[in-house]
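One chain, chain A, links the two complexes that follow: it is found with chain B in the first and with chain C in the second.
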Partner chain A sequence: MAELILEHIYKEFDKNVTAVSDFHLHIKDEEFIVFVGPSGCGKSTTLRMIAGLEEITSGSIYINGKRVNDVAPKDRDIAMVFQNYALYPHMTVYGNMAFGLKNRKFPKEEINRRVMNAARILGLEELLDRKPKALSGGQRQRVALGRAIVRDAQVFLMDEPLSNLDAKLRVQMRAEIAMLHQRLKTTTIYVTHDQTEAMTMATRLVVMKDGFIQQIGSPKEVYEHPENVFVGGFIGSPAMNFFEGIVHEGSFRIGDTRLSIPRSQMELLRGLGYIGKEAIIGIRPEHIEEAIVGTAGGNGSGTRSNVSIQVDVSELTGAETMVYSSLEGQKFVARLSAETAIRPGEHVNLAFVMDKVHFFDKETELRIRPVQKAAELVETS
Partner chain B sequence: MSKSLKQFIKYPILIVFSLIALYPIFLMFLSSVKPNLEILTSPLSFPKAFTLENYITVWEKVNFSSYVWNSVYVSALSIFFILFFSSLAAFYLSRYDFKWNAFILFFFMLGLMIPMKLAILPLYMMMLKLGLLNSLNSLIIVYIAGNVPFAVFVFYGFFRSLPKDLDQSARLDGCNEFQIYYKIILPLMRPSLAIVGIVNLIGVWNDFFYPLIFIHDDAKNTIPLGMLSLFGEYDTQWNLLFAGLSISSLPMIVAFLLASKQFIEGLTTGAVK
Partner chain C sequence: MVLKEQEVVEVQEKVLPKPTKNKRSMKRHFLHLFLLPALIFYVGFQVYPILTAFVNSFYSFKGMVRQDFIGLENFIRLFTEEPYNTIFTNAFGHNVIYFIGTVVTKLVLAFALALLINSKIKGREFFKAIFFMPKLLSVIVVGFLFSLILNPTNGALNSFLKMVGLAEWAHPWLGDPKTALYTIILVNSWYGIGFAILIFLAGLQAIPEEIYEAAKIDGASGLKMLLQITIPMAMPSIMIMTILTFIGSFETFELVFAMQGSSGGPYYSTDVLALFFYRLAFGSVDGGDAIGLGSALAVVLFLIICTATAISLFFFKRKEIEQ
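Presenting the complex of A and B:
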């Protein structure tokens, strides 16, 4: 099908506003790539540049080895699903799906065959004669997908296609799009600001912020090894907790609280000269547990460090309880089991699973990693 | 209780205003089927005998058929070109980046503010030089120039409200720029085309001023100007005048009835959420 290479893409609006900087990515055939990031991070702009709806300021885009910078959108063999569906209101569902094929002068039987096939896949057979205004949100979304499917294009681009749907329908359509991708195996680029969508659908994630790629990797990689504070905080719900403190030999001190640092991490920090310096640690809510009564606090048992805190709020979400609190004035949330008896206002001991803690540089906010690996990273980028 | 009371009050008010608006039109039709003498003696009464003679007379005697043809010719061409030029201009202004766009739009808006009639003298000179005096085409040119600003203003507002994703989607679907306009935009802008069309049609169809200045030949008169010949210095043939006015207002009424559906219909519903 299709392989895409985005080579050091830049997009500048006017003269001073840079929407996308040095976007470099190699998308393999059949991949489901998700661009994720907060609004204004340049993900939609990048998608539009791939579609040819925005001009590229500098850099090159290759589809199957062919440079397409100056190829018109209609000749790029790309189908796109828009956030607001962009269905043609004066055409029926059938007309909407057939429009692209008619413009490309496909024979009538072929158009009919393809539209019927797409309608069957998406369950739209009954609705072919309706106009978009007579459809529900989910149905409109399906028509928009159908319009992409009939084209049998090399690449599907989807620009926040689910953001206009209600929560339940969104989950359902998410699964349908994932199934569709498994069935059609078309290279897909999907833009979203919803990290849950990104995590569940992607074969690879591209996390973006302020026009820069923050990290590229499988959802698991990105979740377990965030490259910087932003990625750690953006991916995962509730977000990762961050604490600022000072690295000491064997412990990380947040005010008067000491958290023990596992040996391997300690070696790394010592080697890089972080002792006595400020750093940021990140810990996911699920890596904060209720301390088991009888274990030592403070300097910890193995890789767990107990802290004593007062609970601000506890929310039962059904399967689990979110406990909100603060440690030395820095807020955090812990994800505990639903059975916990912790109540708001109580003083309790929580255990930080220190093996799972991520260390970030205070100034660069980058993950603290072995030097040679960092050097490799510089080379490859 | 309050809701039914509101309804109860609403209808009498609406009926009163409808009567005020419709009565002159009714009177016009009424007078058009009366003899002249009866109009003068009992202007508000119902006709004693219903007659279509006035219509026949006005059609045959006063060269009325050529007035109608002239009016149709001028109106049709003017409206067509106003809609065509303005919609394309507004489409460009709202959709494409060009650094002088704001200036061009301002220029159009300026046209809304300047009364065209102030320019009548230069216009007359210009038509004289162009050899277009006493030609229906001079009227068409003036009407197009005079009405394009308003049309651009309306269409520009409409295009701004039309999501750009629609044309981008069409672009990906293989349309070139003109096909986007022709296949996607044009069908969607029917309501605003109807509004601009009808407003301009009324103005152009009923215009008396420009034909009076530019047209000298009776055979080239439009209906409003042609009606002037029924006003004599000592005697006015009211019956023929009303018959002529009735004929000339008929196309307007029909056009309005046809286009009013487009006024109300919200065609873009369902395009985007």
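Presenting the complex of A and C:
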């Protein structure tokens, strides 16, 4: 079991291409950390630096207090699962799992015990004599996991391990990996570009973009309090809706549409001098509801603002209906119940749940937060 | 009887073949026509001579004229009658040495060089081109060039050795029966190493980087990585090169002929089966029966190559399926 500290890590490739900038993170024992972000955001590079497959340009990596910058991958006591499984095609399933232990000169009985144990956990007992070619994608992925498990390593590193599987298998393996983590409690760092995977598996998420950490937090924190427009838009499916407009006393105006701002938010915006200034609001699709006729707001409590729109597309996904439309030329999607009678082309009233709206600065695209709180955040990081 | 429109269509469908299908199959037959010239050449210049050699090996000859069917007589003579049996054994032995020598000097070295070139060294394209260059020359030219280089009195090699103070190393490389065959093997390796490097490089480049990374994390040392990852995974290219080298070694003719003449001198020390065949069939070793005997030898040579290739392909295929 292990604790990892990544201290101001930078990675520069040739010609001054910076892949990772000032990556700073303290990973606690038994955590399941997910690095998530679009391709090219530096998440895999960071993982590979932890593995020792990529040199660190500057900064330090500590595993259990020991600085490992110059330690060879095999001596870092880590196990890695690769995107394309990276199984040895000429070895059997047993051989694949035993290879790392043989290299470390484990006694034969111990190797056998560990491989059999891992095979039992992963349901691979019947396949031990097969070569990887004779396995399905899911089985191969299990062997790759098995290869990591037998090592009993301090840290598991997983680089997009499910991206080659079909959708159904991916969901199944996702659950299996989560269960495996609950059982083994090995500190795990998992890289993915799939925000659903990230949300469902992580104890803590690290959202990255262009080599910079955008936000670190539990899935719930990141979902409910995105630090910036990018995080808001990246985490959650369908993505958060954004509208540009101007902050007025008591309302946010998008063209001719006025949305009322809840009192607490208003105080903050006023205090920070946003009145009369441009800003961006973000609202999740589930916070846009069907307006109930004859009421000022929607059908629940709290501040709601009704808007009149024309429906472009409505998609029934089964349990819910996604309604696509635009407000003052800015596109958005609302997640309504499956029973809704709204049809494409109709003019309808929708209610924005304004208590759930996030305000972002237009220039920096950062969440507008109390100055004091922002200062606290800087201190604690 | 008047048929309704629907019925007409049905009858048409039953009686006439579907036009689209017909058209397609005609097109396919038409395409086959394009293969015909190549097929005629192949049958005329490959299949027919092989079959003729097979037939001829069972006949006696007078000059170029086929005489009587004599069963296995030619084969029996080849293996039991002096001097044929001695020459055959001697030449066969040289072919075996030629094969082993080429595997050691060409394949092992080519694999090592391919590993080096594959390790992302600078100028890899340059090295690839340099090593491949000799292959662009004709074998006869290579043979002639090396005859000059290796000339004992004024050849470049001995002159060089004398110049750098290693005069005692100077040697009649092609004139000494002890060194002649090995010298030819080395020349052949120099000539063919570029091709082997290319094949090995293709094999090495097909190994995904991730496998090496996984092995690194699994704690494999450099040597272990080579023995347990690289070589097993490059096995298809190693097998192909070994088979090609085997075929090449047993067919070898031009280089020895160009450097040492048709008798594989000095004193038959570089004689190989193909040269022996040449002398039997077109030379003057045993006037009358030469074509029959030569054909018998050609058939034996053919069978050796076929059997060895089939066996290695069998193991190779089995390995491939296992992977």
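To be clear about the criterion, the second predicted complex is superposed on the first by the 372 of 381 C-alpha atoms of A that agree within 3 Å, B and C clash if a C-alpha of one lies under 4 Å from a C-alpha of the other, contacts with A are read in each partner's own complex, and residues count from 1 in each chain.
One rule holds for everything that comes next: a residue touches a chain if its C-beta (ideal position, glycine included) is under 8 Å from a C-beta of that chain, and two chains touch if they have at least 3 such contacts.
Owing to the predicted nature of the structure, the values given are computational and were not obtained by experimental measurement.
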### Task
Label the relationship between chain B and chain C on chain A in the superposed model as either fit or clash.
clash
### Message
Let me test your reading of the model: by the given contact rule, A:F82 touches which partner, first (chain B), second (chain C), both or neither?
### Response
both
### Task
Considering only the touch criterion stated at the top, classify A:G100 as touching first (chain B), second (chain C), both, or neither.
both
### Message
After the superposition on A, what does A:N164 contact: first (chain B), second (chain C), both or neither?
### Response
first
### Message
According to the stated criteria, A:S264 is in contact with first (chain B), second (chain C), both, or neither; which is it?
### Response
neither
### Task
Have a look at where A:L135 lands relative to chain B and chain C in the superposition and call it first, second, both or neither.
first
### Query
With the two structures laid over each other on chain A, which partner does A:N16 touch: chain B (first), chain C (second), both, or neither?
neither
### Task
Kindly list the residues of chain A that each of chain B and chain C touches, one partner per complex.
51, 53, 72-74, 78-80, 82-84, 86-90, 99-100, 103-104, 131, 133, 147
### Summary
Contacts from chain C onto chain A in the complex sit at residues 208, 210-211, 213-221, 224, 228-229, 232-233, 235, 322-323
### Task
Report the residues of chain B in contact with chain A in the complex, numbered from low to high.
163, 165-166, 168-175, 179, 184, 187-188, 267-273
### Summary
Listed in rising order, the residues of chain A that touch chain B in the complex are 51, 53, 72-74, 78-80, 82-90, 99-100, 103-104, 131-135, 137, 140, 147, 164
### Summary
Counting only contacts in the complex, chain A reaches chain C at residues 51-53, 72-74, 78-80, 82-84, 86-90, 99-100, 103-104, 131, 133, 147, 151
